[in-house]
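Paired with chain B in one complex and with chain C in the other, chain A is shared by the two complexes that follow.
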Partner chain A sequence: MDDKLSREEVLHVAELARIAISESELEKYQIQLKQIIDSVDKIKEVEVDDDKMLIANWSKETTLREDECGEMLSPKDVINNAPRHSGNYIEVPVVIGEES
Partner chain B sequence: MSNYIPTIGVEVHVELKTNTKIFSNSTNGYGEMANSLTNVIDLGYPGTLPTLNKEVLNLAIKAATVLNCKIRREMHFDRKNYFYPDNSKNYQITQSRTPIGYDGYVEIEVNGVKKRIEIEEMHIEEDTCKSTHRGTKTLLDFNRAGVPLIEIVTKPCMASGEEAKAYLEKLRELLFYSDISDCKIEEGSMRADANVSIRKNESDPFGTKAEIKNIGSITNVGISIEKEIERQSKLYDNGETFKPQTRRYDDKIGDTVLMRVKETGNDYRYFPEPDIPFVYVTDEMIERVVATIPMLPDERRKLYIEKGVPEVNANKIVQNRSLSDYFNELLEENTNFKIASNLLLGDIAAYLNKEEKLITETTLTKDRFLELIKNMEDNTLTSKNLKDILNKILEDTSSISDIIKSSGIENITDDSAIRDVVRKVIEANPGSVEDYKTGHDRAIKFLMGQVMKESKGSANPKMAMDILVEELQ
Partner chain C sequence: MKYLNKSVLELHELLKEKKIKPIDLVEEAFENIEANKELNAYITLNKEEALKQAKELEDKEVDNVLFGMPIAIKDNIVTKDLLTTCASHMLDNFTPIYNATVIDKIKEKNMIIIGKTNMDEFAMGSTSRTSYFGAPLNPWNKEKISGGSSGGSAVTIAARDLPFALGSDTGGSIRQPSSYCGIVGMKPTYGRVSRYGLIAFASSMDQIGPMTKNVYENALLLNAIVGKDDKDLTSAEKEPEDFARLIGQDIKGMKIAVPNYFMSDIVTKEVKEKIEETIELLKNAGATVDYVDMKYLDQAVTLYQVIALGEASSNLARFDGIRYGFSAENPKNIKDVYFKTRQEGFGTEVKRRIMVGAYILSGDNAKVYYNKAMSVRAAMRDEFKRIYKDYDLIIGPTATTTAYNQTDSIDDPLKSFMDDVLVNPANMAGLPGLNVPVGFDSSNLPIGMHIIGNDFDEAKMYQLASYIEKTLDLNLTPGGEK
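Then we have the complex of A and B:
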């Protein structure tokens, strides 16, 4: 088993996280990320009877909320916590390409 | 261009008609001031927790039922992780592993051929905030963040833009009639994406897929799919290949344009949402929801046609929910349904459009409408006369017969009165009478016109024609 991730794997994770990394960081993360994954892999050794245990709190049914309106924030409060705003809109740098 | 076999699958997002958002109690609304319909949950503040809206579950059960889906009894939510400013939590809460509905279908008809469009699955998820791109800036409005959605995914089972269009029309009709969504494409409460690929033979594997996103109308879904099939065919004809990609339909140029090339598919790193425990759907919940489903469009059409309504009229009535609900109230009555449908779709619909009113906002109660139909059926009222008194019929509360009397336009059904008019016309138009007698059939139309003119439109047309023919002998 390799003791580090490939350069491509690290760069792919960086791309998903939208972060830029330097050459020295890349080499460091190849090793560190691999160590984290190996530690997490230990969880796989635990024997569980039911897959559900790994999903969510299944022992108790979720609480449902009635469809009734409650208090909301004012637009002023909303934009106060944003680094930049334009009128009542929160302003961020344009992101090209992806549209969901 | 060679012939290829197209394969099309459609994904539709529909906003649910609830009072509040899916995981918070802020208002689910459209067209309000930017960032005025939010709270800390919608904005994804640290430490906030989602609680599922009961009505979202009810509407999703309802949608699964009208789309003939099987309903999952035990489910959970998943996180779909991605970094993009339209979602401040950096994940969207959705259902990946346990969609509430699966294995459903919708029946469509294209050029007289019926086909089942199979639904792979439908799941519940939250909408993202709305982003508007302005030069180097993107403006965010979180009013839409957390609006409940269902996403409905078909199998790749459609073969043309026409089929996709028919499917979307059917879907919209079903969801609208069951009060699940208002399905307004122009306001984004219904959004469609289409996956298109082509191949040479049935036995070949599926071709490379292009996804057409955010198409602005059902008509454009049909057009954009046909355009995409054409584009791919030309490429293959020239021996070219292409990468899986996302395209959008540009209404101005009438064609699809490239948005981005998908590399190896999206790496969303789904994992179960730990903040929402399991959701259980019981028989009792399903029964309660099913009881609220009104009569659906196909059943309405069938009933109307059985009652003697022409098919084209039946289809038109069903396109208008309030007219159709009104028409349903008549079904128990013994009346002439063909005349009823003609009245509703003709002068009455024109009035409603002009006044921007619903039929229920007029004074035309069921009893008055039945009286109106009767007056039309026995020719007491002609369609020409109806136009003159229509406003009174729809705005007054007096009986139809009183309106006819007071307007002085009562249809002359008195034989001798009509005969007098006919004789007068024959005497005044010897030329036309001669024409008729020498075999010019058109002359009778002219004479009939004169009779109606002379009687100021009040002669019963059928009687007048009979008497005219008689007098011309």
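Then we have the complex of A and C:
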């Protein structure tokens, strides 16, 4: 088994994670991510009844609340928390017409 | 005059009798923190506001035992108008516009927030060394790690800066630093405490809990923060109870299980011997202690990696450089905003974990890893439930070692996971876990015992922990008087 991921594999997970990585980071992650993934891989070998699943330790039926208007945050406060904003709007680079 | 070395009950009496004022405690807490500045336990201090609040309390009736008490808050719990960084560059300019539910609850009791404590970045780590603001230092020996991720909270309590702190625990982050720093730390049952306003790491395991210098005061703080919250669907509806009610009661007849894995070769000799001594103490008090085999405990780290990292990659997708927090300069386009912000805003450990999480959840991997983990997790919980049919509590060491050197294995991406091998299972199964100090190793570093309770059985855990605490009567003040 290889002791590191390929460059393409690292670039793929970085793309999924929406994280840009530099050349030096890439080399480091090839080794380090592989170490963690090898560890994670051991889960495959555990013998267990595959029918039963526990997604969270919370077994209650879904509960619904009344659809009433509660406390709300002030739009001004929310907008002010955005790194780039103008008036009542959050500013982002042009999206329309951009190639992704 | 110094007051904060007294018990909370004594302080409460003094406040009630008007012999001291809340501001005396607040000023003393800030003096202590200043004197212990080198420990780097805090990211932000709330001095101006705390002094103002203390002044305002002078006209109010001392109506509860926590009234006027200084408290430190882990910096991943949002506090309105008070910087909340998660120890990350990503949030180093982030001022929340609302309070976490636990913050509203302690404010109802008129507790006074002194500051926000240092931690591993986004609670990811076991040493607090991943903090963007540098690691806190262990008050027992400054060359040693504090443990993590709630390292700053553990340090400020151990150093006796103030009586109360809140931490959070996803895979051991309250209990393990409590063990390394010689304090009492409780991770309550999943659902006991509202997670609203706790910046999410792994939502199916995250839980807020109290960190204190003794068992009784821990129960007092838990009393204040529990309860159903409409803002957290996973918070549990429970009858109100006093978690301190069993403290002081005899443990005769209590049935305790020790999983053999918890006492296997993964634990150092010194830690193991100290736990064995404590077990003898419990037997002498009339408790039954049996060694038991439990399946799946050795899978806890792997299981944690799949679940915690998977959930983290999804939870941390919200840090996009658009709505709040850090945003990279001069982005060329929208994609650049996301990618560069996350490259520059997150530290190495966090990026590693997000990427592995993304890998685990991508395409067919989700089935191979995540679904499988859900099955192992169900099996692990069943295994705990099997033990609780015959036993009241499960015990073992909290950590496999005592606090290690700040410079040790800093580049090993697996080490921080292995540090939590004994505390992960309680998070997987949603069970409450508590650290209580039981002694010291040959270098005078604290050793902690881990008590795991059945669902919502915190009061019984405090009963056992307080018996141990009272019987051992350890001096738990680093380098000082009891």
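The definition used in the following text is that the second predicted complex is superposed on the first by the 78 of 100 C-alpha atoms of A that agree within 3 Å, B and C clash if a C-alpha of one lies under 4 Å from a C-alpha of the other, contacts with A are read in each partner's own complex, and residues count from 1 in each chain.
Here is the rule we use: a residue touches a chain if its C-beta (ideal position, glycine included) is under 8 Å from a C-beta of that chain, and two chains touch if they have at least 3 such contacts.
Quantities reported herein were computed from a predicted structural model and do not represent experimental measurements.
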item: Chain B versus chain C as contact partner of A:E23, first or second or both or neither; value: neither
item: Which of chain B and chain C A:S86 touches, first, second, both or neither; value: first
item: Contacts of A:S74 with chain B and chain C, given as first, second, both or neither; value: both
item: Chain B versus chain C as contact partner of A:R65, first or second or both or neither; value: both
item: Which of chain B and chain C A:A14 touches, first, second, both or neither; value: second
item: Chain B versus chain C as contact partner of A:I43, first or second or both or neither; value: second
item: First, second, both or neither for A:D2, with chain B first and chain C second; value: neither
item: Touching partner for A:K52 - first (chain B), second (chain C), both, neither; value: both
item: Which superposed partner A:L33 touches (first chain B, second chain C, both, neither); value: second
item: On chain A, positions contacted by chain B and by chain C; value: 16-18, 52, 54-58, 60, 63, 65, 73-74, 78, 81, 90, 92-95, 98, 100
item: Parts of chain A lying in touch with chain B, wherever the complex brings them together; value: 12, 16-18, 52, 54-58, 60-75, 78-79, 81, 86-95, 97-100
item: Chain B residues within the chain A interface of the complex; value: 18-20, 24-27, 33-40, 43, 51-57, 76-77, 81-87, 128, 132-142, 213-214, 259-260, 267, 269, 272-274, 276-280
item: Partner chain C, residues of chain A touching it in the complex; value: 10, 13-14, 16-22, 29, 32-33, 35-37, 39-40, 42-44, 46, 48-58, 60, 63, 65, 73-74, 77-78, 81-84, 90, 92-95, 98, 100
item: Residue ranges of chain C touching chain A (in the complex, touch as defined); value: 94-95, 97-98, 190-191, 203-204, 230, 233-234, 236, 296, 299, 301-303, 305-306, 309, 313, 317, 320-327, 331-340, 342-343, 346, 351-352, 354-360, 362, 368-369, 371-379, 381, 413-414, 417, 429-430
